[in-house]
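Below, chain A partners chain B and then partners chain C, in two separate complexes.
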Partner chain A sequence: MHVPDGFLDAPTSVATGVVAAAGVGVALRKARAELDDRTAPMAGLVAAFVFAGQMINFPVGAGTSGHLLGGALAAVLVGPWTGALCISVVLLVQSLFMADGGLTALGTNITLMAIVGAFVGYAVFRLVLAVLPRRAGSVPVAAAAGAFVSVPTAAAVFTLLFAIGGTADVATGKVLAAMVGWHVVIGIGEAIVTGLVVSAVIASRPDLVHGARGLATRAPLVTSEAAA
Partner chain B sequence: MRGTMTRQRRFLAIGLLVALLVAGVGSYYASSHPDGLEYVAGKTGFLDSADDPVDTGSPFADYGTKGVDDERLSGGIAGVAGVGLTLLIGGGLFWVLRRRPAPQRQD
Partner chain C sequence: MGAGHGHRLHFHGHSVVHRAPAHLKVLALLAFVLVVVATPRDWYAAYAVHLAVLVGVIVAARVPFGYLLPRMVIEVPFLLFAGLIPFIAEGPRVAVPMPGGWELSLSESGLVAAWGLAVKGTLGVLASLTLAATTEPTDVLRGLQRLHVPDLLVQIMSFMVRYLDVVTGDLGRMVTAMRSRGVDPRSPRHWPALARTLGALFVRSYERGERVHLAMLSRGYDGRLPDPEPTAGAAR
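Up next is the complex of A and B:
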């Protein structure tokens, strides 16, 4: 969903730039509470992993493809503020080094994929987790639900920005239907990848999963820590 | 504590290896179809409003490596470089932001 330069006019790009800068600014302060000696390297790994995951486009039919956005995944693994920063770093690297996502559209892309992606994904994750049984096995399911919703939501927000400041004269309704329709399908891929990755991490290191805190992650880890 | 640190390192090493393999090897097999946004832009008629990407002087534009002709190698190097850069910038940022451990409490 990387927006190139030119899709949105200058005022809209400046506005999303301001939103992105403010969001990243707040995240830089709030992320401190989520990061310590153990979780900081994990967060770096999550950013690197999302970069890698975004390279894998999967076909979704009719000659189109989708790839992991990673906002919900990062938010569940390392917390929403740190997760938003993870995606922002990925987008920065992509626009600076890979010519993927325009430089003037960096604020738009951070707004859509880092801020909307991580926070919508995390909010839905929390809501779904609250109604599921309180055990670690519920975490990947809730993460997948958050991931699924986050993708068409980001697509809808893009359409809103396009309606406000799109440079081409195309009917908003047409863009909205196509964007949300295709991104519901891509969201299924996002949900599968997110669910699988979260369950793999839960299986090996449940203590490293931010979204699994406070759930029964079994005693041995706690006792081995206390005994050391 | 030592056991925990070793397990932590092992987990991080395996995770990084997976990321490098996905970006360096797996990406070659990714679909080359346009992504959702690009496809919709083409279908509904606003794809032409995109500007050409600004040349930042990076050798990895479009996930290829300048000067490397072999497609598999070119994309692989770009993928590994991207993972490395993301880890460096992200890891560095998070390490600086982290809360420092409080002094050990004597019980």
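Up next is the complex of A and C:
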């Protein structure tokens, strides 16, 4: 669901481009603060993982297929800033190297999928996690909730942009109903897969899951390195 | 990295367009699509000019159209969306006579909007494909560097591009292993198995990133990558 060129008019495209550039700039700084000089290889590899995950298509019905968007998943696994950065890099590479998503729509795509996707997903994740019991088992449930909300929210923001800078004379209500309705269905799939993937990572390497920090149930392994 | 030259969209060649500096090509692409997007959609003649410019570049690049056209399927979902607009858009309707004696009621402004979406999207995809077909990924990255895209961002992109084939290869082998055990990764019934695969892929990718970082440290990495070699495609 990468927005191509010409979907939104030029002023809206430029405006979302500015929003995206600012968002990516802040994300770069925040990710750097978190990962230090590991940023380039780690974020690059996580971006490659997100890209690979998006290659698996699921039948959504009516002969069309959807794929994992991964905003909430990346935010829960590596934190919202690094997650948003990784999704932005995926979109940049797809746009420049694979002609997937227009170059003028890059700002729109980054705003919707990286910024809104990761941050709405992460905010809902945090909210749900706060009301669930403090156990590692709550993390996948909260991640699924974050993924479920983030997809229709991104669709709703797209509708807003389409109402401002859309190039077709379609009633906003109709677009909103169609987009949000359709993306609720996609969101269910996204939620199930996100929750299952997070749960699989927690089962093997709970220490890698950013959203499960402080909830790891295993006793820490004391090594000479840790003692030193 | 085991992978050959270029990437899945690159079309090897030595034309003027292939040799042009990558940063100029990226700027030209950006300028072109911005002009296309900003062109009012009822300036039909202007679109003929845009298409002529683009076709001229493709001919100069000596990339066969038979190579580019199948790769445009990426755009099909949006053409379907554009095709729906005349049915759902507001405004005065026109009746289009159909074979079989019945008439199709379509929105006039919707038809214009659909034309605008289809033509702008198609020109954008074709222009982007031309950049991808004529420019090696490392050259695009170097071009972005020259355009003063933040260094860290270019580094992250270069790691993603470099390890893309490794990670997708990993996934490909896991999916083959799943299929050989009777699992269909597309079916929701097998999502738990697929999710464990993706979880394993995440752990593998993350750990690979850690190993790459350690290997870089052992070679004196201090947060900056050395300047890439001046010649394109040189052995690393």
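One rule holds for everything that comes next: the second predicted complex is superposed on the first by the 205 of 228 C-alpha atoms of A that agree within 3 Å, B and C clash if a C-alpha of one lies under 4 Å from a C-alpha of the other, contacts with A are read in each partner's own complex, and residues count from 1 in each chain.
Definition applied: a contact is a pair of C-beta atoms (placed from the backbone, for glycine too) under 8 Å apart; a residue touches a chain by one contact, two chains touch by 3 or more.
Quantities reported herein were computed from a predicted structural model and do not represent experimental measurements.
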item: First (chain B), second (chain C), both or neither touched by A:A33; value: first
item: Touched partner set for A:A123, first chain B, second chain C, both or neither; value: neither
item: First (chain B), second (chain C), both or neither touched by A:L85; value: both
item: Contacts of A:A156 with chain B and chain C, given as first, second, both or neither; value: neither
item: Which superposed partner A:L196 touches (first chain B, second chain C, both, neither); value: second
item: First (chain B), second (chain C), both or neither touched by A:I186; value: first
item: Overlap of the chain B and chain C footprints on chain A, listed as residue numbers; value: 1, 4-7, 28, 32, 37-49, 51-53, 55-59, 64, 85-86, 89-90, 92-93, 96-100, 102-103, 167-168, 170-171, 174, 204-205, 208
item: Contact footprint of chain A on chain C as seen in their complex; value: 7-9, 26, 29-30, 33-34, 36-38, 41, 71, 74-75, 77-78, 85, 88-91, 107, 109-110, 113-114, 116-117, 119-121, 123-125, 128-129, 131-132, 137, 140, 150, 152-153, 155-164, 166-168, 170-171, 175, 185-186, 188, 191-192, 194-196, 198-203, 205-206, 208-210, 212-213, 216-217, 221-223, 225
item: Interfacial residue positions of chain A with respect to chain B in the complex; value: 1-7, 28, 31-33, 35-53, 55-60, 62-67, 82, 85-86, 89-90, 92-94, 96-100, 102-103, 155, 158, 162, 166-168, 170-171, 174-175, 178-179, 182-183, 186, 204-205, 208, 224-225, 228
item: Residue numbers on chain B that touch chain A, as the complex places them; value: 1-4, 7-8, 11-12, 15-16, 18-20, 22-23, 26-27, 30-37, 39-41, 43-46, 48-51, 53-56, 58, 60-63, 78-79, 81-87, 89-95, 97-99, 101
item: Interfacial residue positions of chain A with respect to chain C in the complex; value: 1, 4-7, 9-10, 13, 24-25, 28, 32, 37-49, 51-53, 55-59, 64, 77, 85-86, 89-90, 92-93, 95-100, 102-105, 167-171, 174, 189, 192-193, 196-201, 203-205, 208
